[in-house]
Amino acid sequence: YLVAIGKADIDLRTIGQLPGILDIHRVSDEYKLVSRKWRVRPTVLDLGDGVRIGEGSLSIMAGPCSIESEAQMEKIMQHLVDNDVRIMRGGVFKPRSSPYSFRGLGMDGLKLFHQMARARGIKIITEVMQVSQVEEMHDYVDVFQVGARNTQNFNLLDALGGVDKPVLIKRGISGTLEELLSSAEYVFSGGNEKLILCERGIRTFETASRNTLDLNAVPILKEKTHLPVIVDPSHGIGIRDYVAPMALAGVMAGADGIVYEAHEKPEEAASDGAQTLNFAESARLVRNLRRVYALRQELE
Amino acid sequence: YLVAIGKADIDLRTIGQLPGILDIHRVSDEYKLVSRKWRVRPTVLDLGDGVRIGEGSLSIMAGPCSIESEAQMEKIMQHLVDNDVRIMRGGVFKPRSSPYSFRGLGMDGLKLFHQMARARGIKIITEVMQVSQVEEMHDYVDVFQVGARNTQNFNLLDALGGVDKPVLIKRGISGTLEELLSSAEYVFSGGNEKLILCERGIRTFETASRNTLDLNAVPILKEKTHLPVIVDPSHGIGIRDYVAPMALAGVMAGADGIVYEAHEKPEEAASDGAQTLNFAESARLVRNLRRVYALRQELE
Amino acid sequence: YLVAIGKADIDLRTIGQLPGILDIHRVSDEYKLVSRKWRVRPTVLDLGDGVRIGEGSLSIMAGPCSIESEAQMEKIMQHLVDNDVRIMRGGVFKPRSSPYSFRGLGMDGLKLFHQMARARGIKIITEVMQVSQVEEMHDYVDVFQVGARNTQNFNLLDALGGVDKPVLIKRGISGTLEELLSSAEYVFSGGNEKLILCERGIRTFETASRNTLDLNAVPILKEKTHLPVIVDPSHGIGIRDYVAPMALAGVMAGADGIVYEAHEKPEEAASDGAQTLNFAESARLVRNLRRVYALRQELE
Amino acid sequence: YLVAIGKADIDLRTIGQLPGILDIHRVSDEYKLVSRKWRVRPTVLDLGDGVRIGEGSLSIMAGPCSIESEAQMEKIMQHLVDNDVRIMRGGVFKPRSSPYSFRGLGMDGLKLFHQMARARGIKIITEVMQVSQVEEMHDYVDVFQVGARNTQNFNLLDALGGVDKPVLIKRGISGTLEELLSSAEYVFSGGNEKLILCERGIRTFETASRNTLDLNAVPILKEKTHLPVIVDPSHGIGIRDYVAPMALAGVMAGADGIVYEAHEKPEEAASDGAQTLNFAESARLVRNLRRVYALRQELE
């Protein structure tokens, strides 16, 4: 794309007549390419094997905070297959705020994750944390996830602008929606249009929950951009009992999908156990999410 | 009630044997009487004529920010009757952050409001702003509303502890859920158990919406207290187009009701026009709210 | 005053020629009377007996959170006299967030407070919490304090607009500086120009301190308004060891005075002990405050 | 170091008798090595040529947001030399929130910056944005700066744990002080003890300033850690007129130094002009900072 920036009044026709110009748009937002003013039709991403993200389908992504072992993956994948959930989340490189915590299985874990997922028709979303990982992870992921601490890691965003895989960008922990859209613009302007935005809770004064899941973000983003919007209630509210109601509310607010943490035995998970659903809770949530989504489609 | 406070270990049986003691509870929260640990069964308020607030029904409260004239009330009441909405909101004393703004019609307006509502079987909720108004407003309201700026006006809470009318307490604009529960405790400990809590948006760093409607409050409050929980999406998000999706999401998150602003011509409203629905939007919202509530009742 | 509001372009000369018009100002802020655009010279309040608040002097106000007893007051007043501190703070009506806490000595306490202070040449600042108290407290206070929970209690502000005593308005716990100025405007437009603004800490995500004392407010308010600006480090940071450095920093940022909590035995205070200085700390702070203020006067 | 973590009660003597053990400390904070409980004496960093950072000296760091050209550097360096400021700040890789903004001169700019600074006895602090830059920048910087968007970029912190140059870590825009200390712990536990912490403003609801410079951080950090604490008023408050009072207040609150933006013609700066001082303002600030620091040393 050519994105022309300027304050001057320009006669668009003088540009439109240049050779090689297919289309011209005048956009006044700070973010231009991801704005609905530029592209009115919602973006739908096709992951293959009938798995789509965006308008027209409800994307459910579930899995543990971190990949821990083959046995753990075996169990969670069977749970996903049983409930027809087609996308699995799971971290292999874990950003930890203390230097003394578990840091993930790394590339070996990812390769095993990929091999097991392929065998079961499951797509993978996992977090990329730095530029050097983009290339090595590329062949083993279906969706790159940019975490809340990297929403404004512009070097990473630049690198992801050059790949042909979808990228889910989480809102920063104190990031405005404008900033989230601007981060998406970074990747989009680099050439990668396969983007997904994710609301995952912001930091406020309230301490009754881990974060404040900001569902206002859903209708606001859906109006401002053509990109799919996903809600992460697990990190968003951070307390197991409240994950399901907030997930259902997120779909009713207009989300295109939900990503949540599930584990065979949450109390034994290497991380995030307090916000992770067990399989019975997860299966019930999936059934309810689909009923809520079906109703939303019917509403006037 | 006798609320005994202390750190010492007490043998409850020594108290239970005293004359006049019906029941004893040990509660560790700062708020005691409004806690589910004290009373497990949800509180349901009966406003008469079949209008109830709490578990088992969805309360819809609609109306203008401010009562402006007889003609205005006539129109909105007809709209409510047409849509079987039984509770009307509308301010008569308006708290305004600038000394140069419209301040409401006062007691004369309230008396007319009451007379017109009674004639149509409509219940009234309106804001009380100071102690001296409690008595003069008493006979003309069905539910007293305590606004977000008065959530911690303890003199007002004390006064409302002595009346026999329901009180809806809005969360402070930067109030924690603990503080909201503690304010309810104030009124409850004064003798008035007819309480309703209302989430109406908090102040955060985000500027894309007027406030950040915090739907996390719904499941958290529903677990911590036996009181009904209402959501106010109009003040919560403050932008007309987003009121309906946030209202629907609020019900899906578990709210017992929704209070929102509606006006025949929002653009001509004396206040809050930017967040007010017109009658067509309002009617559609009411229909959708009832479908969402019906589904919620069916979910596992 | 006549405050004229409108968007139309008006020829000021047509107004200036009307009888009874002394002066005309065009002000574009939401707050008009308290703006420096209206009055360039800083407001200085004279409490009598040589006690002034505003440009040209450093006002130190100290005392306990709450007045507790004659003996307590005797000791703190002696401490103030010994250190030439001329203004004593102390609550008689305490706003408490739990209904089960100490609520203050009330009017009897205030009368004793006043009698003892007068005998020692000490001026009194204490909090007024509701409209009905304005008249009964009037003769016993030198400065009315409006607490952080009442910054937008417009009925109270209206009532204080009609008295001839100075009013110190604390910033709301989540109040913007615009809102604080607008609250001052309320009182000023009611006829009472004797106003003082007070920064006392805001609510943020940070939990290492009770509140976040926002010293940015000092230079911003000093530029926007002609009113004196006071800093309350005790409530602002809420931890005893940090009160002194923040008080000194507040003066260096440009504050016209400091109000802080002191008590003979902080650990025995009925309230706020954790943020209260003992007499040795208080005396040292007073000496240091005066040195910092003296240096500030000398800086270029 | 060996940092042993565990909940069990351990008899320290059994460890102390092992070969190779010099000293043992029991620390209960999440951050251990940077805590004052582990090392009581304040850390002082020696940059050579008599330039020190930490207790006993006031570090002044000034310069433009971004290095723009040789001519620009020539002028600012002359200004620094004239005012005996020994450390120059200036970005060569700029993190920009929009993909369409100036991104800095890169390594060529840094090499020129280094050469010119060496010739004048000036030390350099500049931001490193990703792991791959650590090695290439190493020989040309005196202090690595970790920006507010990278405070929790743990890969970058790991890399900086392995170098022998000082690292200044800025607090995240919504980072708690605990998180800042934990980030320092990351680098320290990697082997690099040469750390400096920097308060640079947090994100709150207030919009009167760009950020809310949180001077409370200064006394809190000085008590919790042995590391030097620097204040950045330029980014902290973000408005030119308020930079100087906040800088002076920061020193009075206990800061070991100030970093601020200065430019010959702020209005022509490639970035951050609105918060940048011109040379006259900068020179006056330096003189005043030294007087305030001198007084602070004298206070009881």
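Going by the order they are written in, the chains are A, B, C and D; count residues from 1 in each one.
The definition used in the following text is that a residue touches a chain if its C-beta (ideal position, glycine included) is under 8 Å from a C-beta of that chain, and two chains touch if they have at least 3 such contacts.
Computed from a predicted model, the values in this text were never measured in an experiment.
Undergrad: Where the centre means the average of the CA atoms, what chain is farthest from chain A?
TA: Of all chains, C has its centre farthest from that of chain A.
Undergrad: Are the two sides of the chain A and chain B contact the same residues or different ones, given that same means over half of the numbers occur on both copies?
TA: Same, since most residue numbers here occur in both copies.
Undergrad: Roughly how far is chain A from chain C, centre to centre by C-alpha average, rounded to an integer in Å?
TA: Those two chain centres are 49 Å apart.
Undergrad: Can you check how far apart chain A and chain B are, centre to centre, with Cα atoms defining each centre and the answer in Å?
TA: 35
Undergrad: I'd like to verify one number: the distance from the centre of chain B to the centre of chain C, where each centre is the average of its C-alpha atoms, in whole angstrom.
TA: Their C-alpha centroids are separated by 34 Å.
Undergrad: Can you pull out the residues of chain C that are in contact with at least two other chains?
TA: Expected reply: 174, 203-205, 207.
Undergrad: Can you check the complex and tell me which residues of chain D touch chain C?
TA: So the residues of chain D touching chain C come out as 174, 176-178, 202, 204-209, 212-216, 218-220, 223, 236-237, 241-242, 245-246, 248-254, 284, 287-288, 291-292, 295, 298-300.
Undergrad: Would you pull the chain B residues touching chain C in the complex into a rising list?
TA: Per the touch definition, chain B meets chain C at residues 3, 5, 30, 95-100, 129-132, 149-150, 152-155, 173-174, 179, 182-183, 185-186, 189-190, 203.
Undergrad: So in the complex, which bits of chain C are touching chain A?
TA: For this pair, the touching residues of chain C are 174, 203-205, 207.
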